[in-house]
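Let me begin by handing over the structure; questions about it come next.
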Amino acid sequence: MINKIVASVDEAVADIFDGATVLFGGFGGAGEPQELFAALLRQGAKNLVGVSNSIGKGDKGLAVLIGEGRIGKMICSFPLIKGGEAFQQQYRAGRIALETTPQGTLAERIRAGGSGIAAFYTPTGVGTEMAEGKELREFDGVPCLLEKAIKGDFALIRARCADRWGNLVYAKTGRNFNPIMAMAAKVTIAEVDEIVELGELDPETIVTPGIFVQRVIKRGRA
Amino acid sequence: MIPTPLTKEQLARRVALDLRDGQYVNLGFGIPTEVSNYVPPGREVVFHIENGALGLGPAPAPGQEDPELVNAGEQPVTLLPGASLFHHADSFAMTRGHHVDIAVLGAMQVSERGDLANWKVKGADLGGIGGAMDIALGVKRLFVAMLHTTNRGEYKIVKQLDYPVTGLACVKRIFTDMAVIDVTPDGLLLREVAPGFSVEAVQQVTEPRLTVAPDIQTIRWTL
Amino acid sequence: MINKIVASVDEAVADIFDGATVLFGGFGGAGEPQELFAALLRQGAKNLVGVSNSIGKGDKGLAVLIGEGRIGKMICSFPLIKGGEAFQQQYRAGRIALETTPQGTLAERIRAGGSGIAAFYTPTGVGTEMAEGKELREFDGVPCLLEKAIKGDFALIRARCADRWGNLVYAKTGRNFNPIMAMAAKVTIAEVDEIVELGELDPETIVTPGIFVQRVIKRGRA
Amino acid sequence: MIPTPLTKEQLARRVALDLRDGQYVNLGFGIPTEVSNYVPPGREVVFHIENGALGLGPAPAPGQEDPELVNAGEQPVTLLPGASLFHHADSFAMTRGHHVDIAVLGAMQVSERGDLANWKVKGADLGGIGGAMDIALGVKRLFVAMLHTTNRGEYKIVKQLDYPVTGLACVKRIFTDMAVIDVTPDGLLLREVAPGFSVEAVQQVTEPRLTVAPDIQTIRWTL
């Protein structure tokens, strides 16, 4: 019997290893897997490569992992945000590497990673700093950059509701990067508000099919 | 008449007048965000946010905010009937794929060719790109809404960018507190000036030479 | 006011021009816009470039358009199916050109076309006839082919339900190519069983946001 | 004992024994389609169809067919609790992106390197590729289920393909009515033979040289 529901959040993140690439869902506070962030902080893995829209802010989530020196490199679109001092300090001290990527390119690279697409050409970033070191090529008169897929060893995501097969639905703009990160990681761990019986989710409205999800943890079980 | 620059609200109102019934529109941070408050009555404009929704409504009443429903600036928003939700890759398919009709972005600099700089301060080590590069190149028409000069009076409309580029030759129309200017193949075309402003006064705070539209008008921000 | 609902199916297809590239949704009989096919047949446009999973079969839909000599070129993954004699006859008489493409590559090319992605690298087809004339390039040791985006002038698609903004939901495997074709065409025309009031579709469960749809026609209005 | 090739049902049953609890599996046309009927009790296997569903159930009862719910071979199917529906690009993300654990495809030829030919007859002008190329290269393990020879007795397991290629070096295990053979870096490894078949008898209908597994067994199609 398939049962992807794990008993504790600490068990859910237990095998995240030093140096792993971890995709972190969430955008602007919505759809952030806060309990998974906290568990990863307790767990201790370090020198992680983090992939996320921003670098987190304030005194929770990704910002704390960064502040504690647990992230060796960030791939993100917003390395500079209000409240993001934790990252700035680490960066300016030379303790964290940074790959800045436009948000749409970041999303597409993650989707490509989850879809078996090795690389793609996009017009975004031509003529900017983002073009440095990247192949430039014209298609139908439009100059484009070659961008490569991003894959994760783990994805830590947040959803509203799951069943034991790992099917997921989200809450409003809490969807954001979560469904594509689920596709792009070897092990996707979903933090959810609610778990329902198999068959309660309408097949037509499932956003992330369970094939993309390896573990489900209900919030409040920590 | 004393030259009177538009207030930020008036500027947002002026931009809103250029949004047509049925258009899909993405708004950047700052002044652009305000534009959604002033769509003329009778026009149905569908606002897109890159973090995954179409059909944004007015700001929620105090106490009605939902932390799981925010715009790209992390402000709480609401959804109108007809709204839809989607993930980030689909959201940027809408912008990169030329489905969004208009984006209104803020700017640090715009060049006479329509090059845009808005993501990183000159000489800074860090900048927040976000979705600006994807949106700038991908939408059908890109508007810029900004103050005409920096608060130290420096040009923001320049011959050549010296701030880091967001996108080349992408801006179609510039709305400022002093003027409305089109970017054309023949250079910048001054179409409207703020009340009391002469063409010369606008030219003085604009580095590239402005061509003056034969039908130049005073900016109006109401119908 | 936005109202994408058109009054008649003939009006819906009136501006499809000779030589247009038309994306046809449907797979195995599910999700096929049969009334739009019939209207296009009446309308008369010819020398069309058709993009579809297969070449249709029997005496309806795409097979009839092909049999009547209205399609100048097909891009598809199944040019040979039982009941597909209309295509085979035209093809063997040299009256229709053919670009065969693997089904997953076809889907991805269409999605790329709708997403502003110019081209992508996929491992599918390496070492096969599909590789002829295509750039071969290795990424992380995996040989890949360069495949280019497909865009349509029109897409004829089928959905279950729409509102006046053009938001769509589908029926079961009638979904297939329809949502990605909606993204990839300048003018997407959706044939639907039902039209509901704005706001009746749950924003969380809309599959095709209205931004991708230009016209909606209710079945049975022909 | 008289050499007794497996029936198609027995062959499908044998393949089904190799599907594990929790696996995601795509089945091709023909014999592979039958495999879903014989998953051993107690194992939850999730079947994927490339036209957009996970979690297929048994064939519908007569009269219960839904024309909007079909498999890749256009046969009516049903959905189990837990099923999900999605579009073609997402569906092929599952196969191309190595999310599907096993695919079982039919074949015209398989080479000793695991090259697969199954989409076009030799010398034909047309062939139906469908999703075979994407699936062959993209799933974690590719099984082939087919009769051991053509109905004219020609080799189907060959040194080198002379039919048009579907995918190179992609087949991991070959199930036939006479044998179960693994494709290994050292060539073909004969693991099981049908009841009454000698190694020599299987080798005779197989062009490349077979290595014999030390623990070679007779094929069983029930637990």
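A, B, C and D are the chain letters, set down in written order, and residue numbers restart from 1 in every chain.
Simple rule for what comes next: contacts are C-beta pairs under 8 Å (C-beta built on N, C-alpha and C of every residue); 3 or more make two chains touch, one makes a residue touch a chain.
Bear in mind the structure is a predicted one, so any value in this text is a computation, not a measurement.
Asker: With contacts defined as at the top, give the pair, A-D or A-B, that has more of them.
Answerer: Contact tally favours A-B.
Asker: With chain centres taken as the means of their Cα atoms, state the distance from chain B to chain C in Å.
Answerer: Going by mean C-alpha positions, chain B sits 35 Å from chain C.
Asker: Report the inter-centroid distance (CA atoms only) between chain A and chain C in whole Å.
Answerer: 32
Asker: Please report how many Å separate the Cα centroid of chain A from that of chain B, as a whole number.
Answerer: 30
Asker: Quick check on chain D: which residues sit in contact with 2+ other chains?
Answerer: As it turns out, chain D has residues touching two or more other chains at 53, 79, 85-86, 89, 92, 95-96, 138.
Asker: Considering chain A alone, which of its residues make contact with at least two other chains?
Answerer: Residues 108, 111, 115-117, 122-123, 170, 172, 203-204.
Asker: Once the touch criterion is applied, which pairs of chains come out as touching?
Answerer: A-B, A-C, A-D, B-C, C-D
Asker: Provide the residue numbers of chain A that touch chain B in the complex, in ascending order.
Answerer: Touch residues, chain A against chain B: 27-31, 53-54, 77-81, 88, 91-92, 98, 100-108, 110-111, 122-130, 170-180, 207.
Asker: Please give the residue numbers of chain C that touch chain A in the complex, ascending.
Answerer: 108, 112, 115-123, 139-140, 142, 144, 148-149, 169-170, 172, 202-205, 207
Asker: Under the touch definition given earlier, write down the residues of chain A that touch chain D in their complex.
Answerer: On the chain A side, the touching residues are 1-2, 111, 113-117, 163-165, 167, 183, 197-199, 201, 203-204, 206, 209-212.
Asker: Which chain D residues qualify as touching chain C in the complex?
Answerer: Touching chain C: residues 49-53, 66-74, 79, 85-89, 91-92, 95-96, 115, 120, 124-135, 137-138, 164-168 of chain D.
Asker: Give every residue of chain D touching chain A within the complex, in rising order.
Answerer: The touching residues are 21-22, 24, 42, 44, 46, 48, 53-55, 79-86, 89-90, 92-100, 138.
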